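Labels run A, B and C following the written order; every chain starts at residue 1.
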Amino acid sequence: MIRLSEVTVNFGPIRAIDSVTLDLRGGECHALVGPNGAGKTTLLRVVAGLLAPTSGQVYLRGEPISADDLATLRDAVTMVFQRPVLFGTTVFKNVAYGLRARGATEEKVRHRVREALDMLGLAGLAERHARSLSGGEQRRVSIAMALVTDPEVLVLDEPTAYLDRDGVAVVEATLHELQHERGTTVIIASHDILQISRLADRVTVMSCGRVESTLHSRDLLISQLEDIALRDGVCNVFRAVTVRDVSGGAGLHLTTVRLLDNDSITLDVATDLTGEMTIRIPPEDVIVSTAPVLSSARNCLRGRVAAIDTDDSVVRLTVDVGVPLVALITRESLDRLQVSTGDNVFVTFKVSSVSVYGGAGAHRAEMHDQS
Amino acid sequence: MTVEDEILAITLRSLVISGAAALVAMAIGLPIGVVLGLRRFRGRDTLTGLFRGLMSLPTVALGLLLYLAFSRNGPLGFLRLLYTPMALIIGQALLVLPIMVSITTETVENVSPSIRDLALTLGADEREAVFSVMRESLGGIVLAFSASFSRAISELGVALMVGGNLQGLTRVLTTSIALETTRGEIVLGLSLTVILLTLMISFNLILNAAERRVRWWLWE
Amino acid sequence: MTVIGSVAAYYYLAYAARRQVVYIGTTTSLYDTGLLDRLGADYEGREPGVTIAFISAGTGIAIEHAKNGDVDALLVHSPDLEHQFMAEGYGVNRKIFAYNFFVIVGPEEDPAQVNGTTPDEALQRIAAYGQASGQAVWVSRDDMSGTNQKEKALWAETGLDYDTLRQEPWFVSSGSGMGATLRVASEQRLYTLSDIGTFLKYEAEGLIQLADLVENDERLINVYSAIAVNRTRIQHVNFEGAMRFITYLVSEEAQNIIAEYGQDTLGRPLFNPAVSVLVSGGDSEVASWIRSYAFFEYQGTLYECPPPWRVGDYGLYS
């Protein structure tokens, strides 16, 4: 669909993208992953026809696109920006913008805008002023603005950053529907490698403006998880396997899992999966204390402070509980705790805050029941 | 002419002269500000810095320069503009031009990259994208106009030096306030001050309402 | 709104352009009394289509305006500067049209004991008191205005040097206009020299609390003259317009307005018409004061305006 051949982009003395060659296939969901500053956004802007490469060539359906002809590329590709940008008018007029720019009839505009708003769960907000909406609603509006014109290629820069769980679910469902029912090619930049594992067919890993690798399967992705996680600052990601199903039955239930990295550690999680799985403990949800906190809905582990990294007001506390577990706490909390490296502490986190993702070897609970 | 007639005439004159000055400044400053906000070119930063610096030009300093230029022995003396309302309009327009340009530049610069990209990616052509940027900059442009008018109508230096505070010709609210104060007519000076304040506040209220109407109209 | 504004501006400017404008440079202390607005309005009533535009500034700036050709005539009160201006060829047809007296005003308690003395005596007592007390006693406008020129002359007559006095701690420089200086004097309990018009006005408005301590002395005489800007030196001045207004100023009608101005609002006139004093007999005490103070010598004779500096025949000099 779109092919980049040795594309380089310089911003003055800074090289944002360094000789990237990439093939984006029609109908696939292709993810870009990598740390901040890896060049993901710049690459997306090149793909969307908003930025001409300093050197290299972009092809659309095999045809080379010249710097003067970015409009042709823009006709096929629509981009959703990382920070939602909206016009200062109603939600309806925002979403209608792309259709009206293309000269659609008012009847078609009404129909398609309603459709897009319904798809993103914004039906009741059509006449609200767009900038009066919450951050999550604005992000959904910006996605609706892009998909209403039914572009061949939809480019999304961190589409679920800072969304709540429901928002993430709506957006992910929308992207899934676009790709599978309309055949839209979806290109997505994300920090969230676990989200990518849910959505993407292929993943391109970027670092310092270069493509490191393009991966084809989820297994390959998962094998890279730890590596990427370290580089990306994503932490507290572990492979685990079910030990005991506490409540049983279908749907979410309390399950005890054992970490593969250190099988002396068991945790309670809420999931509908059994077998092998990937879990993530959000560092901001981890509470550090000097005395144990006992609660049935919480996991409490004993460990030793391995490292304290201070960054302005946030402190990154690494606790060795058998595996390294990172907690993000405020500086005030650290001052209150009065702990230093080597001290014994307890880490506590709610069962409900542990994210669980499937992978090879995971089964839905009902399938497990049947087998 | 009664005192009331005189005050009314002075008020209207202030409105007409400073309104015309703000409109002239907008006619010249808006395109400059839009270009400076949209485009990147060599010398652009110098220009924006220059306009920002000139925002704080003391009114008497500009008045002096213009007096020397418009004086009958000065380079523009042949125009015979000194001590005419036209000189006052030109002087105030020059005075507020940097405000008009700087606020417009700042607004367009803030709005431009993101709104322009948004418009382009949604299928607008370059012309429509610039129009969209302007539409989103409306608030800032209105602010620029309002700040320009407010500075024009409330300045004294230029009005005194190139207007001359001529009764019936170039006597405006600020020069009257200054004159009546030196004459010891404090009450009259105070009433003129109240008029000036009322005028500026109602002008800005009207402008705000107008902005909403224009915004609505631009989206229809 | 744009359209309405433009149309209004157009008609306004068109209206302004149709009228013939005579620009008169004048001093603030004279203009601030309001006399000139009264005279201008009366004159405009007699000469439809003519606007008299007064540019009010300090005497020094007013003379600069005239030298630049930005005004057509001057109404000023500083004989030395006037003589210099005319000697340089910028001004012609000088005519004295009014006079009054400066006053030395100060705190009612009068710590330097100057009440009822002569200006000479008063200034010497003030200087002595200031030098003895070391506190602020006198405030000067120090702005090259006509009043300031008069002050310098008065100090010189007492044998004291203004520029030396300025450096002394009891001598305050306000650097601002008469009204502002009077307020400083009132607030800080200082003495100062004022024109009678501004003083009476501020006193009547209750803006100052100062006593009128020394007045009506030959030394304090304040003489106002009109000078037309010389059209052979400065082209494009409205010489005829200027001369018609000067002729009006010395007419009986204008002289009567001058004689009565201030009577109704301040209880006493601010100015005395000069024409009758100088013409009818011309041997009164005041006439001799004016002659010695404000006349210019030419070939051994004193003239209001020496013959070489007279242009055309407007019936001003008899």
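Quick note on the criterion: a residue touches a chain if its C-beta (ideal position, glycine included) is under 8 Å from a C-beta of that chain, and two chains touch if they have at least 3 such contacts.
Because the structure is a prediction, the values reported are computed rather than measured.
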{"item": "Partner chains shared by subunit B and subunit C (touch criterion as defined above)", "value": "none"}
{"item": "Two chains joined by the most C-beta pairs in contact, as defined above", "value": "B-C"}
{"item": "Whole-Å separation of chain centres (CA-atom averages), subunit B against subunit C", "value": "37"}
{"item": "Gap in Å, rounded to a whole number, between the CA centres of subunit C and subunit A", "value": "83"}
{"item": "Centroid spacing, where centroids are CA-atom means, of subunit A and subunit B in whole angstrom", "value": "49"}
{"item": "Per-residue multi-chain contacts in subunit C, two or more chains", "value": "none"}
{"item": "Residues on subunit C engaged by subunit B in the complex (per definition of touch)", "value": "1-2, 5-6, 8-9, 12-13, 16, 21, 23, 28, 32-34, 37, 40-41, 51, 53-56, 68-70, 177-180, 198, 201-202, 204-205, 207, 234, 236"}
{"item": "Residues of subunit B defined as touching subunit C within the complex", "value": "1, 13, 16-17, 19-20, 23, 71-74, 77, 82-86, 89, 164-169, 179, 181-186, 210"}
{"item": "Residue numbers on subunit A that touch subunit B, as the complex places them", "value": "45, 48-50, 71, 74-75, 77-79, 81, 83, 85, 87-89, 93, 97-98, 101-102, 145-146, 149"}
{"item": "Residues of subunit B touching subunit A in the complex", "value": "114-115, 117-125, 128, 132, 135-136, 139, 215, 219"}
